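Below, chain A partners chain B and then partners chain C, in two separate complexes.
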Partner chain A sequence: MPVKNDFDVIIIGGGITGAGTARDCAMRGLKVLLIERHDIATGATGRNHGLLHSGARYAVKDSESAEECIRENKILRSIASNCVEDTGGLFITLPEDEDAGFGLDYQKTFIEACQKAGIDAKAISPSEAREMEPSVNPSLIGAVVVPDGSVDPFRLCSANVTDAAMHGAKVLVYTQFLDFIREGDTILGVKVLDTRTGQEAEYRAPVTVNAAGIWGHGVAEKAGVHIGMYPAKGALLVFGHRVNNVVINRCRKSADGDILVPGDSVTVIGTTSTKVPFEECDNMEVTPEEVSLLLREGCALCPALASTRILRAYAGVRPLVADDSDPTGRSISRGIVCLDHESRDGVKGLVSITGGKLMTYRLMAELATDAVCRKLGVNQVCTTAETPLPGSVDGRIETVSKRFEGKVSLGQKGAAGRQGDLVGKINFTTAEDKKLVCECENVTLAEIKYAVAELGVRTLEDLRRRTRVGMGTCQGTLCIRKAAKALAIALGDPSLEGKLAADYLDERWKGMRAVGWGDTLREMEFMQRVYKFQKPYSYDEI
Partner chain B sequence: MRFDVVIIGGGLAGMTAATELQRSGLRCAVVAEGLSLNNVSRKEFKAAGGTLLQGDKVTGGVIKDGRLLCVNTQKLGDVVLEADSFILATGKYFSRGLVADMDKVYEPLFGLDVDYDPDRSTWFDRSFAAPQKFLEFGVNTQDGAALKDGEPIVNLYPVGEVLKGISSAGSDASRAILDSAEAAVQAIKGRN
Partner chain C sequence: MQEKNISANNFEQCQKCSLCETVCPVMANNPDYGGPKRSGPDGERYRLKNGIFFDDSLKYCLNCKRCEVACPSGVRIADLIQQARIDFNKKSPKLRDMMLASTDQMGPLASTFAPIVNFSLGLGPVKSVLDATIGIDRHRTMPKYASKTFVHWFKKNAAAAQDGFKKHISYFHGCYANYNYPQLAKDFVAVMNAFGYGVHLMDGERCCGVAKIANGMIPAATRDAKINMGAFRKSIAEGRDIVTVSTTCTMTLLEEYPELLKVDNDDVKNHVSLVEQFLYKAIASGEVKPVWKEGWKARAAYHCPCHQERLGLGIFTTELLKMIPGMELTELESNCCGIAGTYGFKKENYAVSQKIGKPLFDDIKAAAPEFVACECETCKWQIEMSTGVPVKNPVSILAEALDLEKTSELNRP
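Up next, the complex of A and B:
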C-alpha cells in the first residue's frame, strides 16, 4: 500500500464546495489533493435548480443569507461569466396568495427587506410583468423584479476543478474515502479506494477538509465526531423546452415548487423539501406525489407547463445542519457551517465545511480555506472573489469567436458558450471535428475529444456534466449512440461503446420513469425503438 | 362517403391489410396521419385502386348496437366515412393509438377496453435494456373484434401495435404485426 505525504491539505468531496475549496487553497499556494468518489458535481451540486439567487427568497426571514446571496451573485457574474445567464427574476403575487395573507401588503414588506439586504428589488405592474415574461400566470396581481439569474452548476464546478488543477492541485475522481489515518487525537490523512481499479492507497496531509455534502455526516463519524446533519430531499422536474426566459418565483413564504428557472434549452421547476433517511441519499427516486405537487405549483407560476412535455424528474439532498425543533426543514437557515474539529471536538487536523448553498460556495470555500491556513500557519489572503475562473477571463462570445477561422459553426458557438475562453484549446481543424454529435446542445466531436483530454471525462455522464451532451429536448435519444462511439474512441477503447451507452440510458431512464405518462411516455417508447439493444452496436458512421 | 373497409392508420399493419383487401376486390380507404415512413406501401395501395386520405386524422365515430357505423376525420368535417368493416391500426403511444395519463391508459378514438396495469410502479423496468411492461399494454379483443365495456364491436378489428402484447419497441415484432393484419383480412373477407 503506497504511502504519500506530500500534500498540505486533502479535500474530501468533488462537489462545488470541495472544488471551490481546492481552488482557493491552491491559489493560496497550498499543495492540494481533492478526492471524489464518483465524478465532480454528482451530489447536490448537480441536482438543484441552477438558480443564481438574488437572495430575495431569503430577504424576509433570513437577512444574513440574503446578504450573502446578493454579494456572491455579483461576484459570480464577474468571475464565472460563462456559467451564468442574466435572465432576471420575478416574484409574483397571485390572488390566492392574498387569501393566504401574502398579498400586496406582504409584497411591501418583501421589497423593503430586499432593499435592506442590498438587493435591487422593484415593484412593477401585472401588465409590465406579462410583457417582461409572457408565460407568467396572467391572473397575477403584483410582481417584483429582482436580479435572479441561472447558473450551470456542472460548468461552475468544472471550472473550479480546472483552476485548482492549473494551480497545482491533484484531483482524483472515482476515488472513494474509506477512513482516516489517525494517531491519537490527530488526523494524519486518508485511506482511499480507486473505485475503477479496486486499488487502495493512503495520502497524508496535516489538514483534511470534509466537504462531502450530506455524505459529510458519515465522513465525520469516521473521525469520531458528530455533525447533526439533516438530509432534506428536494425533487425537481425538467420541461421539454425553455418555457420562460425570466426566473419566476412566488412572493410568499417559501414553499414547495415555487421557483421556475430557465436554463440553456430547458426549464426547471422545484423544489420539494422532505426529510429522508441517510440510506436513501445515494439513490433518490422522485415519487408520484412529488411530481403532482410540482406540476400543480408550476402551473400556478406558468400555466403553459400543463401542456409541456416533462423531460425527466430528479432529486438532490441539501446538506442542512439539523435543528431538531423543526420537522419540515424549511425553517432551518441555509447558513454556512464551518467547523474546526480541534476546538469543537478535540480532533486535530480536520475541518468540516457544510450547510450553505450553491450560491455561497465561494464564500464557504473562503471560510474553509481560512481555517486551513490558520491551522497551517499560512498567511495568504483570499483572491477568489476577484480572479475570474478559467473560461470567464474574457468569455464574451464575440471575443471567443475571434479565435475561430472562417465562419463560426453552431458547434463552435455552443462550445464557446460552455467552455468560455478555454474554447481556444478545442481543435476544430477537420470537418469531422466540427460534426455535431448532440444536436440539442450543439456538442461536436472536437469538444468531446477536448473533454476527455483536458476535463477528466470517463463516462457519458461525466461528459454530460462538462458539455451538456444529451441534456436537451431529446434526452439523448438521438445522440447517445454517436456520443458513446465518439467517447469510446477518444478514450482509446472502442469496445467500451455499448457499456457507455447502456449506463447512460439507465440514468436517463431513471429520470423518465418518474414522469412516465403523456408525451414523456411517447418519448420513452421512441427511445426504446431507437435503442433496440442489438449488442454489440452495429453502426459504422458517426 | 361509403367504402367496404375503412382503415384507420397508415403504418405497417394498416397498409398491409388495406392493400390485400383492396386487391381482393373490396373498396378500401386508408386514413394515414403523420410520418410518411410507408411511402412504398402507400404507393402500392393506390396502384391497387385504394383511396388514401393522406395527412388526415380520424377524430371519432358513431357506435350503435355493437357496430361502428362511421368515422369522422379532421379534414372532411361533416362528411363521414361509412363502411361495413373498420380496421384500427393506430399503433401505440408514440402515434397516439394509446394515450397514457398519470393513472390510466386509454384508447382515445372509441374508448375501447385497454389491458393495462393500474399500478404505475409496474410499468417500467429499472434497466432500460430489460423488457418494459408498458409496451405490452393495448386494446382487448374477442375473436379479433375490439371490446368496449366488455362487449364486442363486431366490425372493428384492431391490428398491429395498438393490440395488447404486441410492440416492436425493444423487440422484433414485425411477424406478430403482420399476423394480426392477416387475421383481420381473413375475418373481413369471410364477412363479405
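Up next, the complex of A and C:
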C-alpha cells in the first residue's frame, strides 16, 4: 500500500524546541505539522526563569555551553527584540563566598573563563554595583558585569509558532500523541487524540521529530528506543513587582536559588534542582522546603526580598539527558542532544532533540532541522539566526507605542510591550475595546479579542500566556470573569464562562497556596470571598 | 520564612479590592482619570518596570486622600500618585501653576497693592484675560488680599501682651490667614488668649508647601519644609508646642514632609495639633473652662474637609462645636467640595471641580443653615461661590460664641 504523506515532517511538542524546529523546518520549505497535547509553552518552556543567559554561569565548568549561550544571546537580541530585555547582569561575591573558596581569586578565574568564551565580563567595585542595582546585597565584596538579560518564554514560543504558521506549518494544540504508525523499523507517522473532541486521527510524514522535553522519554519508548533522561525539577518564586532591574547571580559554583531575574512586571528567584520520578512530571508542587531555600538564597542576593510579597511559586522539569557513553546514567550533560534514531537505534524516520536550554532553542532547532533535511535529502540553509521573529522586526515598546495616534493609553502601551510590532493588528477603535480588563497588567478587551482570534487561544491559561491576563497582584481575582466572558463569546459558547474562570483560578490557587502567608494569604481570602458570592457577570458591567 | 512582610514598597499591600475607586470623587466625574488604584498601586508596578508607563492623567488626581481613608490595607495611594508626578513629570511647571503655588511670594506682593489687586482680579475683563492667557477659570473669584498682613498686625498690636500669660503655644498661621484673611488669625489669638495661652509666632515660618508639591515645585517645597521643621524644633525646645488652624497645612507638615519631601518630622509630630483638637482636649480635660455668651444661637452645617478626614480629626471639631449651648449642628454627608486648593482654579479642571462638589452643594442647600462650619480655607471659597451660603471657620465661631472677657477672667491663673 503506497504511503500517502500528508507532511514532510511531524514535530511532537509545542514547547520552545518544537516551536523553533517547526519554524526552521517551515522556513526551509518543508510541509510541517506541529502537535502539542496542551497549549504551547506549557512544559519547561513556561516554567523557568526567563533568563537570557550570557553564558557566564557556565564559563568556568562548561566552556562549550558558555560559547553557545553567548552566541545565541546575541542572536536573540537581534531576532527577538520584542521578547528580550537588555537588563544586564551582575555576578556578585559575598563575604561568605570567600570562606567557601569562592572569593575574589575565583572572580579572577571566572572573568578569564568568560572572556575566553567570548563573554564581555568586567569587574566593577561594590559601590558601582550598588549604584547599578540599588537592591543588591550591600555587603557584597565584588561584582562582575555580564551581558545577561531577560527573555519572555511565552512570547518567544508564541512568536516561533506564529512564524511557523505564517510559513505554512499546521499547528494542532490540544492534540495528544498516542503512538507511532510503524512499518517494520520505519516510523511512518503518528496517531493522535484531539483532547477536546475525543476524536482520534492519523498523520503521516517521512520524518517525525520528538521535541517533547521530559515527556520525550515516553515518546521515544513508544518507538522502542530508550533515551536516558533525568527529570530535574526546578522550583521558582515570583515576587509581586520588579525588585531589581538587573539580573543578579552569585559568582561561585552554581547552586540552588542563586539567580534573580527581573521579567516583565515581576522578579523571579530560582531555582532548585531535584530528581523527580517521571510520574510526577505532569503535576509539580513546590514544597515548603523549596520555598524556604529559595527565600534564604534570594535574600542573600537582594535583602528586600525578605519583605516583598510573593505572588506564587511554580516548578518545571528540565529534560536533562544522561550521557550515552556512561552506562550508569550519572554523567549528565546540559548540552544539546540531537539523536538520529536510525543510526543510533536502527529506527528509521525519527529524530529526537532534547537537553539544551531555553537559551539555545534556536540552535537546537537548527540541528534538528539539519537532521530532518539530511533525511529528506533537502538542501536548504538555516536562516533563523538572521530573520527577525514576528513582532520583533522593530519590537521595542518605546518605538512601537509611538505608532498609535493621539494619546496612548496604558492598555495600548501594555499591548505594545507584549505584541511588539504586531500591535497594529489589534483593533482599538471602540471605547469598549480600549477598556482594561486586567488592570494589574494593562490588558484591554481589544488585546484579548486579538489573542483569541489570531494566537490560537482555547483556555484562559492560553490567554494568560499570550497577554499576561491575570498574572498580576490579584492573580485574576478582579479580571478573570471579564476575560472568561470575552473568551467564551469568542469561542462561540457563552455558557463556558464559569468553567473557564474556575479552571484558571484553580491553577492560580495552586501557585499561591505554596506561599500562602501575609499579603498573599489576604489576597487568597479575598479571591475566595469574591468567587463564593459572585453572580454571573453582565457584559454591560465591563 | 519572611520575618517581616510589610514592604517598604507600600503599594504591595494593595489587594485590588477597589474600595478606593468607590470613594474617588474624580473618577466618578472625569472619564479621563484612571482612578486611584490604577494610578497608584497598579500604575506603580508598571512604572517600576518602565517609565513609559507614567500616564499623564495622574494630573487629574486632586489629592483629596479619600482613597487612603478608604483603603483597608493602608496603602498610601495618593502619595504614590504625587510621588510619581514628582518623579516622572519632567515638564517644568507653567507660569500659572507657579503663581498659584507660590502663595508666600505672591502674598507679600499682592498685600502691598491689595486694593488694586483685589479690584482688578474682580473685574470681568481681567478674569477673561486670566482665563484666556494663563488658564485660571473665569468663574473663579480669586481670594481677596488683605492690605495689612496678620503678622504686621500681630507685631504692632498683640505681640507685647503675650509674655504675660502662664501657658504658651506657637502659632503656625499659614499663608491664607496671613495674606488673605487676617481676621481668622486675629480670632485665633483672641480665643487662645481668653483660654490663658500666650500666642507666639515662629522665627521664619514658611509656606507649608502644599501648593508647590501639587504643582511640581519640589526643590522649593523641600527648602521651605526644612526651614519650618527647624523653626518647630526651636519652639519645642523652648517649651512651646505648635497649634495650627489650616487643615491642609497641618496634613502637609505631618504627612507629606516625610512621605513626599523626605524631610523627617518624627520628633516634631507629637507636638503639633490643630486648634480644634487642642481646645477640645483642653476643655474636656478641665484644663481650661469656656464661658459662653448668653443667648447666642446659630444653625450651622458642618462640612468636614477631605484632609481633615485623612488626619482623622473632624470629630474634634464637631464635638467642640456641640459644646456651644446655642449651636444647632447638622453634620453633612462626607463629600469632597471639588476645589482641592489650586486644582479648581485651573481652567481645565473647573467643570469637573463643580461636578464633584455638586452633592455637597445640594446637601447644603437642603439643610439651609445660617452658615457652614468648615476648617478649610479653599473649601470656604468653593462653597461660598457655589452655594451662596457663608462659611465660617470653627475658630471664628468660637470667637463669636464665647464670652471672651468672662472666659479670660475664669482662666486667669
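The rule is simple: the second predicted complex is superposed on the first by the 512 of 542 C-alpha atoms of A that agree within 3 Å, B and C clash if a C-alpha of one lies under 4 Å from a C-alpha of the other, contacts with A are read in each partner's own complex, and residues count from 1 in each chain.
In the analysis below, a contact is a pair of C-beta atoms (placed from the backbone, for glycine too) under 8 Å apart; a residue touches a chain by one contact, two chains touch by 3 or more.
Worth saying up front: this structure is predicted, and the values here are computed from it rather than measured.
Asks: Should A:S292 be classified as contacting the first partner (chain B), the second (chain C), both, or neither?
Replies: Touch status of A:S292: both partners.
Asks: Looking only at contacts as defined up top, I'd like to know whether chain B or chain C touches more of chain A.
Replies: Ranking chain B and chain C by residues of chain A touched puts C first.
Asks: Check the residue A:F526 against both partner chains and state whether it touches chain B (first), chain C (second), both, or neither.
Replies: both
Asks: Which partner does A:L505 contact after superposing on A: first (chain B), second (chain C), both, neither?
Replies: first
Asks: Does the superposition put A:R513 against chain B (first), chain C (second), both, or neither?
Replies: Touch partner of A:R513: chain B, not chain C.
Asks: Have a look at where A:R309 lands relative to chain B and chain C in the superposition and call it first, second, both or neither.
Replies: second
Asks: Once the two structures are fitted together, what part of chain A is touched by chain B and by chain C alike?
Replies: Shared contact residues on chain A: 291-292, 517-518, 522, 526.
Asks: What does chain B use to touch chain A in their complex?
Replies: Within the complex, chain B contacts chain A at residues 92-94, 96, 99-102, 120, 123-124, 126-129, 132, 134-135, 167-172.
Asks: Give every residue of chain C touching chain A within the complex, in rising order.
Replies: 1-9, 11-18, 34, 37-38, 41-46, 48-50, 52-53, 55-56, 73
Asks: Spell out the residues on chain A that touch chain B in their complex, using ranges where they run on.
Replies: Residues 288, 291-292, 502, 505-506, 508-510, 513, 516-518, 521-522, 524-529, 531-533 of chain A touch chain B in their complex.
Asks: Which stretch or stretches of chain A touch chain C in the complex?
Replies: Per the touch definition, chain A meets chain C at residues 240-242, 262, 264-265, 291-292, 295, 304, 306-310, 397-398, 401, 407, 410, 413-414, 417, 436, 439-440, 442, 472-474, 477-478, 517-519, 522-523, 526.
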